[in-house]
Amino acid sequence: MIDKFVNSVAEALEGIKDGATILVGGFGAVGQANQLIDGLIELGLRDLTVVANNAGYRQIGLARLLQLRRVRKIICSFPRIAGSTSFEDLYRAGEIELELVPQGTLAERIRAAGAGVPAFFTATAAGTDLALGKETREIDGRTYVLENALHGDVALVEAWRADRWGNLVYREAGRNFNPVMATAAALTIVQTQHVAKLGEIDPETIVTPGIFVNRVVHVPYGDPLIML
Amino acid sequence: MIDKFVNSVAEALEGIKDGATILVGGFGAVGQANQLIDGLIELGLRDLTVVANNAGYRQIGLARLLQLRRVRKIICSFPRIAGSTSFEDLYRAGEIELELVPQGTLAERIRAAGAGVPAFFTATAAGTDLALGKETREIDGRTYVLENALHGDVALVEAWRADRWGNLVYREAGRNFNPVMATAAALTIVQTQHVAKLGEIDPETIVTPGIFVNRVVHVPYGDPLIML
Amino acid sequence: MKSENKTSAWTPLDRVGLARRVAQDIPDGWYVNLGIGVPTLVANHVPEGREVVFHSENGILGLGPGPETDKINPWLVNAGKQYVTLVPGGSYFHHADSFTMIRGRHLDLCVLGAFEVAQNGDLANWTTATPGAAPAVGGAMDLAVGAKRLWVVMDHSTKEGKSKLVRKCGYPLTAPACVKRVYTSLAVLDVVSEGFRVVGMVPGLSFEELQSRTDADLFPLA
Amino acid sequence: MKSENKTSAWTPLDRVGLARRVAQDIPDGWYVNLGIGVPTLVANHVPEGREVVFHSENGILGLGPGPETDKINPWLVNAGKQYVTLVPGGSYFHHADSFTMIRGRHLDLCVLGAFEVAQNGDLANWTTATPGAAPAVGGAMDLAVGAKRLWVVMDHSTKEGKSKLVRKCGYPLTAPACVKRVYTSLAVLDVVSEGFRVVGMVPGLSFEELQSRTDADLFPLA
């Protein structure tokens, strides 16, 4: 019988190694698997490469992971920590490496990793500093940049509802990068707010089919922090 | 006010020209916009390029369009007409050009067109006759083939339910190529079985957001033909 | 260069005035992405009777106005991380699908702010390349190359009085030759092959005065 | 070459026997795509107590058994266009997402039929390249390169008695060096660097007799 639920965050994170590349869903304070990130912190993991749209917010979750200097490199489109200058401080001190990627290219590179596409051309960043050193090609009169798939060893996903097969649905803007990252890691770990019985989620509405999911932990944490 | 509903199939197809490239959703007898295809036939359009997974079935819809010699070229993965040898007859007589594309490459090329990716690498077909003459590249020790985006002038889509913004949901295996093709054409035309009021379809469950859709016509034709 | 606000004959548009001016030009039925800042304000000024669908990079189509503070939905933010609402007909989707809309040329319009716009349409709006500062790009480069039309809305000059319309961008580019139209606090200008064609100016401003405040080649509307 | 069915000491597996044999080797929890023909039959023989999730190219995960004729759902077909059912936990998705599962190496296993399998793992199963006939490929090439494991199930020889295990494929390839294991009517063989390693044979068949009926290099299980 397939049952991807595990009993604790620690169990969900079992086997992740120092130096791992971790895809972290979320956009701003919404849809980020904070409890799983806190679990990474408790495990003492270090030398991580984190792929995420932002660098976190306040002093929690991803922001804290960075502030504790557990992250060697961040690959993201908007490396700011809302409500904190700690990313800038680390960056200026040369204590974190930054690979800045346009948001759409970031999404597409992760999607490519999930879809078995090792590289693709895109118009984004052509003719800009972010394309320096990259292969370009003119196709039908327009210049495109070659971008590579971006795989994770691990993906940390936040879902609204999950069943024991790992089928997932998300909530509103909490969807964001989560379903894309779920497809692109060797080990996809989900924290879910709610648990559904198998067959309870309408098969027409499942956003992430369970094939992409390895482990699920039930973390009914409630709403994201409101930041005004 | 946005209202993409039109009153007739003829109105839905207005402006399509001879020689157009037409993306046609559907897999076997399920999820194919037969009434729109019949409309193409009535309009007398010819010299068409059709992109579809199969070549149709029996003597209806796509199969009939082919049998009437309105199609100059078909781009598909499985060019058979279920219950008929008419495709083979045309092909042997040299009356239709065939571009055979592996099913996943077909889906990905159409998706790429919708997503602004002009070309991408894939392992599919590497080292086979279907890669002859195509650019290949070794990436991390594996050989990949470069494939181009496949755009349509028109996409013919079959949906289960649509609202006036063109938001769509599909039914079961009727989804197949439809949502992918909806993103990849200059003019996306939908026939829908049911009409929803705006806001009636749960925003979490919309499969094709209306941004991809130009025209919708209500064709409550019932179930696909059962073929045993 | 002269300062914008030292004149009696004309008044530059303020933020709301600019947003309202842009909104006037958005036709019924367009799909539009609005950047952070003044562009975001455009949504509040769409003339009545027009249905415009607003897109947000983080997977939302059909953004509605911001909620009252006591009605905030903590799950519903826009790309600027502001709390928003969803209108009937709106939908949610993931980031790759969201950027399919952007990069696949499905948006009718994107409105962005800018540091500089060059007369060949080059846009610089993502970084001033301050040494030591961490750069951030977000979706700017995707929007600049992806939308069917890119309009820029910005002050005509910097606070120091430097023209933001330029012959060649000094700041790093967001994308080359992508801007179609610029709405500044003084004028509306189309990017054409010879430079900027002036489509409109604030009342009382002369073409010559506009040119004198602009470090780029202007052409009057024929 | 000798004919398979002219022996008293052993009996080749029939289609159902072959399907049952393959099904035995599929562990609980695998995601599996089954090709047309004998592979499709494998779904009917999964040992009790194992939950195996079947995938179909046309956007279905969680295929269930075929319905009775009077309970057919005309909207629910598999990749072979047969009517099927959906089990609880199943889901629908579009073709690009379906092939993300296939090409992104998310399937644990794909089971396909074949015309020929070469001892280096080359697979030929999509066309016999008959002059004048229209070729068709479907999802075969995607599945061959995409699944984590590719198993082939086929008769050991053609009806004319020709070995379908070969040193080098004569028919056009579906994909090079992709097959991991072959289930024939006579034996189970793994593709290893030197050739086919015989993992099992039908009762009563000797290694030598198997080799004599096979146009490829066989090695006994060490």
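Just so it is clear, A, B, C and D label the chains in written order, and each chain counts residues from 1 on its own.
We adopt the following convention: a residue touches a chain if its C-beta (ideal position, glycine included) is under 8 Å from a C-beta of that chain, and two chains touch if they have at least 3 such contacts.
Keep in mind that this is a model prediction, so the values were computed, not measured.
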item: Most widely separated chain from subunit B, with each centre as the mean of CA atoms; value: C
item: Gap in Å, rounded to a whole number, between the CA centres of subunit C and subunit B; value: 36
item: Inter-centroid spacing, subunit D versus subunit B (mean Cα positions, whole Å); value: 29
item: Cα-centroid distance, subunit A relative to subunit B, in whole angstrom; value: 33
item: Residues of subunit C whose C-beta touches two or more other chains; value: 86, 92-93, 96, 99, 102-103, 146
item: Touching two or more other chains - residue numbers and ranges from subunit A; value: 108, 111, 115-117, 122-123, 170-172, 204
item: Interchain pairs in contact, sorted by label; value: A-B, A-C, A-D, B-C, B-D
item: Touch list for subunit A against partner subunit B, complex; value: 108, 112, 115-123, 139-140, 142, 144, 169-172, 202, 204-205
item: Complex contact set, residues of subunit C against subunit A; value: 56-60, 69, 72-77, 81, 83, 86, 92-96, 98-99, 102-103, 132-142, 145-146, 172-176
item: Interface residues, subunit A side, partner subunit D - complex; value: 1-2, 111, 113-117, 163-165, 167, 183-184, 198-199, 203-204, 206, 209-212
item: Interfacial residue positions of subunit C with respect to subunit B in the complex; value: 28-29, 31, 49, 51, 53, 55, 61-62, 86-93, 96, 99-107, 146
item: Residues on subunit A engaged by subunit C in the complex (per definition of touch); value: 27-31, 53, 77-80, 82, 87-88, 91-92, 98, 100-105, 107-108, 110-111, 122-130, 170-180, 207, 223-228
